[in-house]
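Each of the two complexes below includes subunit A, the first together with subunit B, the second together with subunit C.
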Partner chain A sequence: MANSNLPRRIIKETQRLLSEPTPGISASPSEDNMRYFNVMILGPTQTPYEGGVFKLELFLPEEYPMAAPKVRFLTKIYHPNIDKLGRICLDILKDKWSPALKISTVLLSIQALLSAPNPDDPLSENIAKHWKSNEAEAVETAKEWTRLYASGA
Partner chain B sequence: MDSGDDIHDANDIESLNEDIESLNDNYDNYDDDAAAADYFDDDDDDDTHPAKSRRIEQSFTILKESDIRQRQEDDIRRVAAVPSIPHGAASILLCHYNWSVSRVNDAWFADEHEVRRTVGLLEKPVYDNPADAKELTCGICFEAYPLSEIETASCGHPFCFSCWGGYIGTSINDGPGCLLLRCPESACGAAVDQDMINLLASGEDKDKYDRYLLRSYIEDNKKTKWCPAPGCEHAVNFDPTGTGKDYDVSCLCSYSFCWNCTEESHRSVDCGTVSKWILKNSSESENVTWILAKTKPCPECKRPIEKNHGCMHMTCSQPCRFEFCWICLGAWRKHGGSCNRYESGEQNETEKRREMAKKSLEKYTHYYKRWASNQSSRQKAVADLQEMQSVHMKNLGDSQRQTELELKFITEAWLQIVECRRVLKWTYAYGYYLPDNEQAKKKFFEYLQGEAESGLERLHHCAEKVIQVFLSDDPPSPSEEFNDFRKKLTELTNVTRNYFENLVKALENVHDGNPCDLDKRPWGAGAMMNEMKE
Partner chain C sequence: MSLPVSMSVVLDTIMCQTLTSRIIPRNFRLLEELERGEKGIGDGTVSYGMDDGDDIYMRSWTGTIIGPHNTVHEGRIYQLKLFCDKDYPEKPPSVRFHSRINMTCVNHETGVVEPKKFGLLANWQREYSMEDILTQLKKEMASPHNRKLVQPPEGTYF
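Moving on to the complex of A and B:
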């Protein structure tokens, strides 16, 4: 069974996630596979994502923590660094990954990315263009998407 | 015998005989191309040989593994001669500065602080572990360990032996990037040197790291390259101050290749033409089409890159690390995310190339047939030469009462044939790429090529067919006839040599006015070419 050889580090991290949750973030392991987490991030205040509840999935590959976790948005989101499949352009998930980072730091970074979109390093070309040419309008669209897809219903 | 043919004094004859004997010995060990290459290189005294007379001095050195290790160690020691740089740090500095001792020294004495920061050589720990602690928590597995089971890099971040082993192992198995390994702590830049690797990695990983370090010394150094022959483990150090534009290099394994582009020797035709031609001939044309369609070359090192996911901000893999925009291929730093330069130019270029290839298929077939038949003719000539050496020379010596030295003209003829077939082969690649609208140039080239080719055919015919009468089971007795044959073959050898020297000269003069695309070639070969022109 997949869970029988779970490294102590993952067990520790999971316990910590459940006992000391970060505000605005929840992550709980799946019952079938302790390496698979259901994640929810609340849209940070004073951003177009405020009031939204964003679902993500997080998976710890066999090599974790030597390799980065796989993370993806399940809720549609209008953001220049997140594409329509929910993939995230974030350095610590790629070449800046370090085994001293944790699930909680990854999720915090994603929350921070929602507060600070970076259209200069885009994943979604169209959204980034929109963001740069008419930020006010792009923010409106992001709010609209939050209302449509992330209202928690 | 006609005494006018060979005028040597006794010493000369003796030394030449030795030469021939040593050639024979060498010959037995090699076959095919290797053997011919060996010939060209061993007869150092023979300055009448076309391959030799043009090489004024050897501008390269062949390095065996022990030589490479010795040079690497010497360079590390030279850097470590600075009191504040320990051995392990010297190795890391050299890795960062492409194994150039002078660049390390320049950078270090210009701004030691900055160099330490970029390379990750910390002067004192940035992370203070409690002085009285008996146990420390590993930053990866979060378990507490006694101090004896914790190791830190110069920064002080504590990790247990087992996590260090896993971290180092993962990096080593990821490729040569492990040579620039940093502390596992996120955003900590402290370098992990070979001493730490040797302390913490498994035996297998240590060997791999050692291998990468050796490879890095050759591959990241602008003056050295591996011999491209399959299975050959030697490297070549090339000194560009040598003889100008002669890039021909012969390895100890007897493969001879062009230093500049690492394809087989192709003197008379420039590297750009050869590379285009080889790409064109590649039997894996499906792959080439795929590479053209799905990849883009890194704007810095030109290796093809496939983008499989993620954003437009690309970072080329080790050792290049160039950051660029996938869309416009411009440097990322200069362009800050917006890219309005996207036009369909890239695709048009590819399309155009395919269209042209289609149109020129017939033309291509013409040149390819001749290129390939000279290639196989050359291989046959190498085999014939070998047979001549091992079987016929002795019989011929007996039947015609000739000494080995007196028969040397036959070997020379065959060596000339082998060399000429190589040159002629490449002139067909050259001819293929000669622009159709340069009629005068084309005519002149085809005239020289035609002269050279018909000379070579006569020589080849004489060496292969006319000689048969003397090799038959019932050879004619020693006679004027054989002396006539000698005269004829020697003359044809000389005439053909002249034709080919003219051809090579003409082609090389063309290059002078029309330098090949060296600047676009990987690994900075172009930069070196420019230096050499001065």
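Moving on to the complex of A and C:
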């Protein structure tokens, strides 16, 4: 099982990720496991995450692309759709996954999620409540966490 | 953003790589174990969960075993501590009983499950899980050399 060739699809995607990176996103496979990627996403401008560098990890399971990549944040982030362990509530990672999607579309969607938090479909109940009851204050907390944990230093 | 590794090196690696590992990395493996533990396992006589919900590396876990029927352990609830280091699951977690127990594979002073006396840890394989450890320890409680051993008072801890 450990000795199989990397599927062509994954090789092509990896080459694309490296040769034509999306602005604000980088993803590179780890040396000892080409299905395991170190990912960095820059906090989008005009969001509470602006200026932050967010580390994520991504893994392509054996069934990929029939199954979605597994991905989570390693950097702490204050966001209603991301929990304390960095797990992400995003439909395309669950029931809306399609083999037509790719690593790059997943990462773009995560970047978009940072721009558009959705407290009505929360993963972190407390953060979602905060977002709905006092958005200005929740945004301040998110900025504070970006400064504390995602400053890239 | 600049690429962390020079691209040509990475592409060379991809092209040359014939032995690609498909093994699930530590963190995703532990997330799977966490989800399985949250759903609840089998008849509920073994269970486990994370100690610190904020620990992104998911190192400390508490396991629970309910003593098997027809043994001195029947009806007792045993708490254990499992620690998954960075090299888990290549290496087994360290396992110790928090609740006092008298068992051949458990150190009498510390509660540590001694790998030399517990085959699953001694012959560890990365496919094994914390659930396997707890299930195997429960079986061990019911084995002939453990099922009748005199036990310390209930509710005491190492």
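One rule holds in what follows: the second predicted complex is superposed on the first by the 149 of 153 C-alpha atoms of A that agree within 3 Å, B and C clash if a C-alpha of one lies under 4 Å from a C-alpha of the other, contacts with A are read in each partner's own complex, and residues count from 1 in each chain.
We take it that contacts are C-beta pairs under 8 Å (C-beta built on N, C-alpha and C of every residue); 3 or more make two chains touch, one makes a residue touch a chain.
None of these values were measured; they are calculated from a predicted model.
Student: Once subunit A from each complex is brought into register, does subunit C clash with subunit B or fit beside it?
Tutor: Overlaying the two complexes on subunit A (C-alpha atoms) leaves subunit C and subunit B fitting together cleanly.
Student: Now for A:P122: first (subunit B), second (subunit C), both, or neither, which partner does it touch?
Tutor: First partner only.
Student: Which holds for A:N33: it touches subunit B only (first), subunit C only (second), both, or neither?
Tutor: The answer is second: A:N33 touches subunit C but not subunit B.
Student: If we overlay the two complexes on their shared chain A, which of subunit B and subunit C does A:L108 touch? Say first, second, both or neither.
Tutor: Neither partner.
Student: Examine A:V139 and indicate which partner it touches, taking first as subunit B and second as subunit C; both and neither are also allowed.
Tutor: A:V139 sits against neither subunit B nor subunit C.
Student: Going by the contact rule set out at the top, does A:R87 touch subunit B (first), subunit C (second), both, or neither?
Tutor: A:R87: touches subunit B and subunit C.
Student: Give me the angle at the C-alpha centre of subunit A between the C-alpha centres of subunit B and subunit C, rounded to the nearest 10 degrees.
Tutor: 60
Student: Looking at subunit A, does subunit B or subunit C touch a larger number of its residues?
Tutor: C
Student: For the overlay built on chain A, what is the smallest gap between any CA atom of subunit B and any CA atom of subunit C, in Å?
Tutor: For subunit B and subunit C in the superposition, the minimum C-alpha gap reads 5 Å.
Student: Quick check on the output: what are the common subunit A residues between the subunit B footprint and the subunit C footprint?
Tutor: Shared contact residues on subunit A (touching subunit B in one complex, subunit C in the other): 87.
Student: Can you list the subunit A residues touching subunit C in their complex?
Tutor: Those in contact with subunit C are residues 1-6, 11, 14-15, 18-19, 21, 23-26, 28-29, 31-36, 38, 40, 42, 57, 59, 61-62, 70, 72, 74, 76, 84-87.
Student: Tell me, which parts of subunit C touch subunit A in their complex?
Tutor: Those residues of subunit C that touch subunit A are 1-5, 7, 10-11, 13-14, 17-25, 27-28, 31, 34, 53-54, 56, 58.
Student: Spell out the residues on subunit A that touch subunit B in their complex, using ranges where they run on.
Tutor: 7-9, 12-13, 63, 65-67, 81, 87, 89, 92, 94-96, 98-101, 105, 119-123, 125, 128, 132
Student: Quick check: in the complex, which residue numbers of subunit B touch subunit A?
Tutor: By the definition above, subunit B touches subunit A via 139-143, 157, 163, 166-167, 170, 184-187, 309-313, 315, 336-338.
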